[in-house]
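Next come two complexes, and both contain subunit A; in the first it sits with subunit B, in the second with subunit C.
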Partner chain A sequence: MQTLIAIVVDGVIYASWLFIVAAGLTLVYGVMRILNLAHGSLYAIGAYAGASAVVWYFARNYPVAGSYALLVIAAIVSGALVGLLVERGLLRLMYGRDEVVMVLVTYGVLLILEDAIKLVFGVEAYTAFQPYEKMGRTSIGGMTFATYDLALVAVSIVVALALWWGVNRTKQGKLLLAVIADREMATALGINVTRVFIVTFVIGSVLGALAGALTAPAIAVAPGLGVEVIVLAFAVVVTGGLGSIEGALVGALIIGIARAAAVHLWPQVELFVIYGVMALVLAVRPQGLFARAGARKI
Partner chain B sequence: MLRDRSTLALAIVMVALVVAGPFLPAWLRFVGTVALANALAVLGLLLLIRTGLVSFGQGLYYCIGGYAAGVGGKDLGLTDAFALLALGIVASGIISAILGLLLCRYREIFFAMFSMAFSMILYGLLSKSQKLGSTDGFNVVTPTFLGYAPDGANVKVWVFGLAVVLAFGVGIVLHQHLRSGMGYASEAVRDNEIRVEYLGVSAQYVVWWKYVLAAVLAALGGGIQALASGHVGPEMAYWTTSGEFVFIALLGGTAHVGAIISAAVIFEFIKTWVTQISPYTWQMFLGIVLLVIIMFLPKGLWSLLARMRRAS
Partner chain C sequence: MRHQHCCMPSVKHILCAATLSLAAALPAAAQEFKLGVVTFLSGQAAGPFGIPAKNAAEITVDAINAGALPAPYNKKGIAGMPVKMILVDENGGPSKQVTEYRNLVERDKADAVIGYVSSGDCLAIAPVADELKKLTILFDCGAPRVFEEKDYKYVFRTRPHGAMDNVAAARYVADILPNVKKVNGINQNYAWGQDSWEDFTKSMAKLKPGVEVGTSQMPKLGAGTYSSEISALLLNDAQLVHSSFWGADLESFIQQAKARGLYDKQLLVLTAGEPSMFRLANEIPDGAVIGARGPFGVFAPDNALNRWFRDAYQKKFDSPPSYASYVMSQAILGLKAAAEKAMAKNPKPSGEDIVTALEKLEFEAPSGTVKMSLAKGHQAVQENAIGRFKLQGGKATIVDVKRYPPECVNPPEGTTAAKWIEAGFPGAKC
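Then we have the complex of A and B:
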């Protein structure tokens, strides 16, 4: 019973983290048809921005409560800035190219950002553990968990609701759906697709940075952080169906709980479980759980 | 129609390099050996790209080739260079034959990302395996060549010679292969898969074969790299290794095997030079050059050559 609780809670915590990263990736793909490899770098940038902001904040002995707001602000500012820079400065010039070419373009961006991070933040690890420690621990069914991790679940739920509401209940969201369904027709109807693209890419980037900033207090922020994230996020996103936000949510939950189960029951296979689940889902539904199958090129 | 002199040209360069080998300075020979090891892996990637598939995971087989040579020397007591390389060929052949069954169903970004995921799994496994030196890797034996054991520095001359013969030999064979039925089938699959199937050729079969061939070539490259540097480590399977292969293919262009071999050599020299003057900006430099190539020279450096030839 204890193990079961641990698996479910750990799984949901892990899934909520995965969902925030994957949602940004899948949103950008769904709207712009760009699989953004640099998404992992945005995660790293968010982590560095959050960690260095927190280090600066606690060096001045300000109250703890403000550091949480600071993490979110750091993520939004850094993610929006870098996202805007990448979209306006580069991707804008490449629209209309083949999807694989766009992957290579974002690969180039990834390489540039990886070194830019080292130049700006140095190669030393940052530790900004205070927000994580100060929240203390909570016990659920006799097991204790870090309250910070549980708060992450709440943040993730808020993000999911906000995305759902934004896409399905606002005018901007309806325009977005129109662009996803048929970009050319949407342009013909007078939708400003350029603006939709900018907004989408910035939101996607902010989500990546947010996941990084929120994780920063729980880990040591060091170079090479971003790349494992992109591979993992991709696994989540294809399991759920590339371009689908519901898919990212379900994919994150399945993979998160599967991984937690592996960690508690059979730790040696942890690495395989994530890809094993992905392979299993894709064997049954090659396009993922929530994506529609595309027409074949004739 | 112009007579194709590629085979002759490749053979001449090969003989010239083998003869020049003993007289080159040691650092140049080493850079050359590594360049040709990479060229072998990228020649494999060339096959895939011609089929319309970009693999971000050739490092997987590069690493398998290297570790096979390492384990062959460490645990099986083999020292013969050919046996060590053969071990890598067998291992990569078997693994790619299995993974290929899954991957040959996917195209485009899915193919790219799944191949990357597989290589990251191997990276994770090797980083955690104590027996294989985890993140540090381990040293590879000094090779012998069919019973002949050259002494001291001469070993590197022999490894260089082996790399030259293999890279150019494979280049010549591939050049013929690209102009064979199976070679043209690649391009047909890239252009229009359904028509290929309609004509009675299985596209999945073509993709599977190319995948296995590419894997074996990457393993050969990894084996050479292991023998040349005397060391293997899990970073051979890391995404940056695979990314460099993709970069070399884009730099040269996929029009000709010569483009790949020259690009691999140019790449290794630039890498040696840039990492010396500024170690923390190497990736940034790569990224910028990559973007410039995609924007202004989508068919690679080789297309400049073709353009000049047409103008004259």
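Then we have the complex of A and C:
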């Protein structure tokens, strides 16, 4: 019974982390048709910004509660700045190119940002454990979990609800849906697609940075972080369907639970499970769980 | 035909011989000894290993060039020449490293190469080094099979291989937990983690027959988050958790396991924990078993070379040297010792002379005596030391240190580490 509880709780914790990481990636693809490999770098930048801010904060003996707000602020500031820089400085010059070209361009950005991170933050790992540690432990079914990890589940639910509400219940969201449905028609109807693109890319970047900043207190933030995470995020969005927020949520849950089950029941296949699930889904639904197969435009 | 011409007894023969001698001399008509140094300058391994190793190479080479090292290394230079270091980043995988190695040897004309933290890189470089006939010292990688699967003429490893990390850890655990019944493990899912876990569990099985394995977790390198793995460890009520984690993975795991209360129930055994113990002084639990993969760092003996090394490193980099720094420095000192031994016979030794001199050499390093006694004189053995972490006055310290002689934790010549452990350590002298 305890094993079952552990699988469910660990699976949901991992899924919530995967969802926050993947949400920005799938949002940008859904609107802009850009598979943004540089999303991994935004995760890393958020992690470094969050860890640096927390180190600075605790060096001044400020109260613990403020550090959580600081993590979010660090993510918003760093994600928005870098996102804006990448979109305005490079991507806007590439719009209209083939999707494969955009993948190569964002891969180049990933490499450049990885080196930039190294130049700014060095190669030593950053540790900022206080926000993680100070939240303490919570007992579920006789097992102890880090309260911070459980709080991340709540954060991912808030992010999912905010995205759903923003896309489906606001005027800006309706405009976004119009751009997703038909970019040319949306332009013809007078929607400022350029602005939609900027806003979408910045929101996607902030989500990536938020995932990094919220993960930073649990890990040692070290070079290579962004490259590791982009592969996982990619598996999630492909499983759920490229461009689908609901797909990212369900994909993260399936992969999270499957991975937790493997860790507890058959640890040797833990690495295989994530990609095994992805392969299985793609074999049955090549477009992913939630993406609709679209008619090709001529 | 060209060879026959060259060897005809004539004036031409004498000229040919002279030309060949000059060509073989080290380095060819140059005034400096070009030393290729390869270590991680970027990527995950740069922080814990690569940069500390690079730092150690810098202070050691500077001291050699200034003649500022304690005896027996107080003569300037290597083979009588100042050393010029050519630094190369090890990041990028074995294929890239083979290309970089060829560049070092063929384009940059390096006289010797010291490098490689990754066992994968060591395994890829060793045959190329023999093909190019270039003296190459593997300074840090741990995989025993580098020399167990093949003999090399030009390749050496001046640090002990990884098997002794886990043999010593198992002996230490058997001493401090005589009633140990069950062990858990969490190791990275690649050769290093898998070999470490296998060596440890097999050693435990010989030292404490009947010991069970609770769970063996193998997350991927760089996973970062370990919530599920820690749950699995908590659900398997073993007396200890063995881990060969290093770098950011180790630091992340230590923190997350602490937050979950794992250390209240299971003893932490970290075979490569020493580089992180100062950074995580407030996170590592008292009593955790710590290794440094040899007599390095806090386990290094008190001798003149170590006092010089620690002081110079601390002064220049404002932190104590970790084991990666020690093994880099001792690789360079091994090269210098071999060159000076070769110079006793030939004042201008060739690369071949230095290779011959390094075989079966015994030399001094900041970590004590290094004996090149395995793999026909190409693989070093040293003692190993293990201890327990204790935070004293806010400082990270090691207590209850046990030292194991080289013959106690290393297999003898002629067998592999795995077979030696399987057979119950025949010939071990503890």
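Worth pointing out:
The rule is short, and it goes like this: the second predicted complex is superposed on the first by the 294 of 298 C-alpha atoms of A that agree within 3 Å, B and C clash if a C-alpha of one lies under 4 Å from a C-alpha of the other, contacts with A are read in each partner's own complex, and residues count from 1 in each chain.
Everything below uses one rule, namely that a residue touches a chain if its C-beta (ideal position, glycine included) is under 8 Å from a C-beta of that chain, and two chains touch if they have at least 3 such contacts.
Here the structure is a predicted model, which means the values were calculated and not measured.
In this superposed model built on subunit A, subunit B and subunit C take up the same space, so to speak, and clash. By the touch criterion stated above, A:L271 is placed in contact with subunit B and with subunit C alike. Once the two complexes are laid over each other on the shared chain, residue contacts for A:E228 go to subunit B and to subunit C alike. When the shared chain is aligned, subunit C comes close enough to touch A:Y148, but subunit B does not.
By the touch criterion defined above, A:K171 lies against neither subunit B nor subunit C after alignment on the C-alpha atoms of chain A.
With both structures placed on the common chain, the touch criterion links A:R137 to subunit C but leaves subunit B unconnected. Look at A:K118: by the touch rule set out above, it reaches both subunit B and subunit C. Look at A:R60: by the touch rule set out above, it reaches neither subunit B nor subunit C. Once chain A of one complex is fitted onto chain A of the other, the partner contacts of A:T215 are limited to subunit C, with no touch recorded for subunit B. Within the three-chain superposition, the subunit B stretch that clashes with subunit C turns out to be 127-135, the only such case among 127-135, 181-189, 253-261 or 271-279.
Within subunit A, the residues touched by subunit B in the first complex and by subunit C in the second are 115, 118, 123, 228, 271.
Here subunit B touches subunit A in the complex through residues 54, 56, 102, 105-106, 108-110, 112-113, 116-117, 120-121, 124-125, 192-194, 239, 243, 246, 250, 280-284, 286-288, 290-291, 294-295, 298, going by the rule given at the top. Of all residues in subunit C, only 41-44, 46-48, 50-51, 189, 215-220, 222-225, 227-229, 231-232, 234-235, 247-252, 255-256, 258-261, 279-280, 283 touch subunit A in the complex they form. Listed in rising order, the residues of subunit A touching subunit B in the complex are 35, 90, 93-94, 99-101, 103-105, 107-112, 114-116, 118-119, 123, 227-228, 231, 234-235, 238, 271-272, 275, 278-279, 286, 296-298. Taken in their complex, subunit A has these residues touching subunit C: 2-3, 6, 9-11, 13-14, 17, 115, 118, 123-125, 127, 129, 132-133, 136-137, 143-146, 148-149, 215, 218-225, 228, 259-260, 263-264, 267-268, 270-271.
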